[in-house]
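Common to both upcoming complexes is chain A, partnered first by chain B, then by chain C.
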Partner chain A sequence: MSEQLGDTGIPAGVPAVPGGVDHPRVGVDEWVASHEGRREAQKGVTGALYRAWDRIPAWGHLVILLGPFAIFPFVANEGNLFRYGLITILYALLAMGLNVVVGFAGLLDLGYVAFFGFGAYLYGIMASGHSGHHLQAEIAIPIATVVTALVGLLLGLTSWRLLGDYLAIVTLFFLQAFVIFVNNANGGPSDFSYPFVGKVDITGGANGLDQIDPFNLFGYHISTTKQYYFFTLISLAAVMILLYFVNESRTGRAWRALREDPLAAEVMSVPVNRLKLLAFMFGAAIAGYTGTIYGAVQSGAFPGDYDVGLLITIYAIVILGGLGSIGGVVIGALVVNGAPELLRSSENARFLFYGVLLLALFVALRPWYRPVIVLLGTIAFGFVVHAIVGAAWSRGTAGHIDGGGKVGRALEHWVLLPTHVNRIAGWAYFALICAALVLTLIHGWWRTLALIPTLYLVAFVWENELVQQVSGATRLILLGALLVVIMNVRPAGIFGTSRVEIV
Partner chain B sequence: MALILSSVHLVTGLPLAIDWSLFFAELVNGLTLGSIYALIALGYTMVYGILKLLNFAHGDVYMVGAFIGFFVLQWLGGPLTPAVTGWLAVSIMFAVAMVGCGFLGVGIERFAYRPLRNAPRIAPLISALGVSIFLQNSALLLWGPEFRDYDTFDLIGIKTYNIGANFFISNVQILTIAASIGLMLLLALLVSRTRAGKAMRATSFDREAAEMMGISVDRVVSFTFFVGSALAAAGGVMFGIVFGQIFSLMGFFAGLKGFTAAVVGGIGSIPGAMLGGLLIGLTESFATGYLPGGATYANLYVFALLIAMFLIRPSGLLGSPAIQKV
Partner chain C sequence: MPLLELKDISKAFGGLKVVDRLNFHVDEGEIVSVIGPNGAGKTTVFNLITGIFHPDSGEIVFEGRNVAGLAPHRITKRGIARTFQTLRLFLNMSVLENVMAAQYGQTHSTSFEAMLRLPRARREEREIRKVAQDKLAFFGQRLAGYRHDQMAYSLSYANRRRLEIARAMATGARMLLLDEPAAGMNPNETLEITELIGKLRDEAGYTILVIEHDMHVVEGISDRVIALDHGVKIAEGSFDEVATHPLVIEAYLGARAAPEAEAV
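Right after this comes the complex of A and B.
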């Protein structure tokens, strides 16, 4: 096919699209017909990678994606790194379930994290020193999973007569209700007094449900991080294989039809409501199952773990990986969970931040000399501004970067670091948002030139404001901005295939 | 009867005799809260009516409005030594917050929603979620997690009136209820009597047909976002004045309840949003006062109301059933 399509992969006679090759062209049949072929015919390294990836059979994808994780424990000895690997797999597993709900069936479930919490708390109630029951894990895990799925079913029922959007807000409210409940259901003075039984300590309140038992599966005890790592990895592989077959099945096709156009699907006699509930239950079950593992790993369930921050993280994983792409989720988990781990120390965060910025610059700007001009321009601009401000207003350059290493010391001569920076940094942050928005409105060389002061502003805001809270607010700000940008630039996600719209 | 009452008392812990003074206090409190929720709900319902989009960031616009009001008050010299008289200061706070948030809303629409107007349905929702998280955490970063105090007590002097039989109501509560009713009347006039309102109604009825009739849909949508966000900002400033304290995470729950109010009243219906808002406010207030565990779980009762509404009458109190056209 690629020979007929020529270099750009677009058949002759179809006018070129300004600004990109992958925009859906509404109503152009040839464009639709050649959709797959165009992906094959993508130029350069990315195209070659895509083609190579597509040639590998599905089991090969599994080996490539999970193989490194299986080898990882034999290479890494460091405890922290190991735990990070475990959390990454857990997040990937959790995101698999969300991928079913959002990616396969196109339902926006914003209470997903509550099901994760349900799993952890249910397991904790059935097997912990806190509750006093010690059920075997092989009984407790299936019970927790099934009960969570049923809760998902009940919640999904409320919105099945309605438009999909209502589901989003009902589930978001449900998540908040769940958090309020587990925060307070400790039988304390402000708690419910239940009919007939009075006050009961169910969740341990704000202190959490502690002393959760480690897994005891058919007499095998799972207790070390390494054992949990392999247990979770095997679960992830099993879920991925399951999802692969579900996705290829009749149900999977029906879900896709539902996602693309619920109305058309219904007209084609697809049982829309039942499929929605099925997807919802599927997701809830996977979340509940992951929750039991998480509860056992943490040996406790704490209300603060199941908040909107985690929700956004999981959404970012699924969206970055590409909605509906099973393999993409693993990559998404690696990227999204890797970033905060590196962001722990501000020096690493600085490397990561500038590295990503440089990479983005060189990927987004073509031809090659534009990013070079911008980069050199920004560096020169910085020294000029630094010199002028240093001469006119000595407080403007008097600050220091704490613990920045060599890069930090070099930056001190380039970026403005005023003392008592709070108010200035606030305005700079505001200015940066405005500048970024203006950049989206201008084109060509104007944009390239406007990038120079904007980048300097980015560095200024980063060094003076964002770097203070890298693992808290900054992380969520970046994830929030990422969601908006990805939705605007590439709604299918980085590793997903873009959809075709025919009108 | 006595038997029923005492068994209800035993099971739920409800009081045996009704304290009418407390009842009235909860009623006034509920109406005050409810009129703030109604202002938030109006923004949701207007945007949903026109774009069929849930604007998750709306609650955070409300929070930004409350903070703008706070900073204007600081800029005017603070509540103890204001540069102008108290009521003028309050008016300036309202005006600046409403205009500022109006432009914020227009900006959000222009950059986060407009490019996605013809994208799959889920894309603008995720984008909206991103905007919400972005605004919330920007506020957390810039203004910190701590409570800020409006100190309206010093600014305008809160007076409490006894209107007979120990029924108390304060001047700020009267102000809030009256001002929100005034704003809603203005909005009703705007939608029903002006050219812009006519364009809004036409766009909401059928966007494509409206566009063909020469209505600039982009401009109508921008205008809608401006009005909706300004109303939310007014709600934010009112919250600051009545309840004193604002914080950077206040928008989240307020947004959820504003949306609940819009749904309960019937999404897309402007009188419905007002009615729903009052109902949510009263539910929250009476749940706090009377229902078991109410002080902690008032939000759970509001959630239960939302679920009940979905099960009994999904189109809302004043809404028309959603019919999808092909």
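Right after this comes the complex of A and C.
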């Protein structure tokens, strides 16, 4: 009997390794395995890019991701270095910690930015004109980091009994409690009276804790944006390396196991509760550390900085980059912080707008010749409309594109730009929404053809209405659209791997 | 002295007594099957032994020490590992990682050592990988080399069952509790799993307690069979003794219509 068992289910002659001369029979183990592989293999340019990325060793990823950041200070001016550079890497560093809690261990922590605040306030209390203490940074930073980690441990205790939505609510309470505390702990009338000492000004209340000292590390003063930039960049690189090693160790595997199935992990000898605390501590320590840098950079800690808005931004970074991916966090920070800053100029916004439109066209329409037809059709349609309107109603083409450039001047010959546009643009906007609704109702070639005037209408509305408000509402609409597109193309995030929940 | 001994174990969920003063033992090197109709309390017994539930009363003695009331990961560390009736693999981890993760209790390097790649962490990491490959090699072609880096969710059903056994082996346990290892398998795979369980004892030296519904498997592997119904042990002995025991037949097929019942 035992002789037959070795090849049960597989007829003789089928090789154990798929891709051999004979292909495995449909449905047997080997077929199932290779079928999954086939389904996962990505086609086209993006697939090739991701595969190439996977072949690069880990240190190569680090160089590719952080190399441009290292060069950036030498090509950017002070203002850009702060807005694009320093803030992005601070976000990336902060999101690294959240990635441990949410990405590695799968614990939904909505109180995370409170730890960021803890770091900033603790550093401010130890080294600022406000508190009157001026501790050296090499002492104050470790103390702030360790104390924040211990607070993380306390909050992590709630995760022993709570998971998912319930943990989220409790940690969100913690964040709110933190914000309310720092808003009121200024020794004022609404403050607590502490045992033994009475009312004390700890955080400066709503006005914030000001005059925080710049870093003074072993007598070396860090004060310029560039110095803070490099300090943060080195910290980011160090944290990425350390987290990479932890993630590859038994601790990292245990976190993944507990994320996948806490009960199975526990039964497979993983002390689940201890590892949850460890994840919270890692996250809190990184957030606290980042907070000390942020406090020193801002030379102050203000309650409004550590609010739900920041929490959502940091979550967006982690999710966009791909939960659990260290490199993804850097890319996520770049997109989430970089994009809205870039979109302040109408030229950049226009570039992104048409770029996303083109990309969406080519992603959504199959086969390849449909988007080409739509594109050429739209261009031709535009010139025809422009010529007709130009002949019949000269005011209709007399306007100018603001923020010109070459593309802008070319567009002036294509899109209608009436002077005194207000009312027309409003109606066009309305018509565009109707057209979009109609598009969802029709199918096949009719939809493809209807796309041509609709796209022209989109361009008309954009050039005459939206681009005027680019530094305001449009910027945020575009950012939202960009995030929607990215998450649709890569549902698990840019560097995420799609997870299978039930098979 | 038996390897595992349950002494007067009881467990109730609210008013429902799921396990009622249960006594049995498993000797070193034995394969013992637990049978019984659905709802008899078999899986609850496994959950009690592995610490997922704590017994209301009684003792669970393993290697001479009472393990009742310990956390599951501590019991596993003492040497009892299990598989699940409804598979609970770490689906989004690779096959090798599944087995590596189960060695957490066997290793000691801290996250600090891992972060700084200190010697002990590196050495342990090599050992973990080696042990994981060894455990998978036990299943021959089924979980061979090229599969190690595949995600667990891409495995077929039968291979997932094998991977669960490999994962339980990797915990370093002396005793395996297998919860319906042949459930959902085709006849060929069932034969294969029957042979595998024998191999686990004969070649790898495990003591095995197994829940199984397939009587061919039970007959093929068991040194001893324990029959449960309503949380009470109704029979114990060789397969033939238990299979012909009137209480077991009654539990599975219902009581032959008794005269009193007809009268009512």
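Side notes on the structure shown:
In this section, the second predicted complex is superposed on the first by the 300 of 503 C-alpha atoms of A that agree within 3 Å, B and C clash if a C-alpha of one lies under 4 Å from a C-alpha of the other, contacts with A are read in each partner's own complex, and residues count from 1 in each chain.
In this section, contacts are C-beta pairs under 8 Å (C-beta built on N, C-alpha and C of every residue); 3 or more make two chains touch, one makes a residue touch a chain.
Quantities reported herein were computed from a predicted structural model and do not represent experimental measurements.
Residue contacts after overlaying the shared chain place A:223 against neither chain B nor chain C. Judged by the touch definition given at the top, the superposed model places A:254 against chain C, while chain B stays out of reach. In the superposed pair of complexes, A:466 makes contact with chain B only, with no contact to chain C. Of the two partner chains placed around the shared chain by superposition, chain C is the only one that A:278 touches, whereas chain B remains out of contact.
Residue by residue along chain A, chain B and chain C are tallied for touches, and B comes out ahead.
Of the two partner chains placed by superposition, chain B and chain C are both touched by A:263.
Contact with chain B, but none with chain C, is seen for A:319 once the two complexes are overlaid on the shared chain. Applying the stated contact rule after C-alpha superposition, one finds that A:245 touches chain C and leaves chain B untouched. Across the superposed pair, chain B and chain C both touch chain A at residues 260, 263, 499. Across the complex, chain B is touched by residues 102, 106, 108, 110, 158-159, 161-166, 168-170, 172-174, 176-177, 180-181, 184, 190-193, 195, 259-260, 263, 308, 312, 315, 319, 323, 426, 429, 437, 440, 465-466, 468-469, 472-474, 476-477, 479-484, 487-488, 491, 499 of chain A. Contact residues of chain C toward chain A in the complex are 50, 52, 71-73, 76-77, 81-82, 84, 88-93, 97, 100-107, 109-111, 114-117, 121, 124-125, 128, 140-142, 144, 146-147, 150-151, 153-156, 158-159, 167-168, 171-172, 186, 188-189, 191-192, 195.
Listing the residues of chain A that touch chain C in their complex gives 1-2, 4-6, 8-9, 16-17, 28-29, 32-33, 36-37, 242, 245-246, 248-254, 256-257, 260-261, 263-272, 278, 282, 497, 499-501, 503.
Interface residues of chain B facing chain A in the complex, by the touch rule stated above, are 11-13, 52-54, 107, 111-112, 115-116, 119-127, 129-134, 136-138, 140-142, 252-253, 256, 259-260, 263, 292-293, 295-297, 299-300, 303, 306-307, 310-311, 314, 322, 324, 326.
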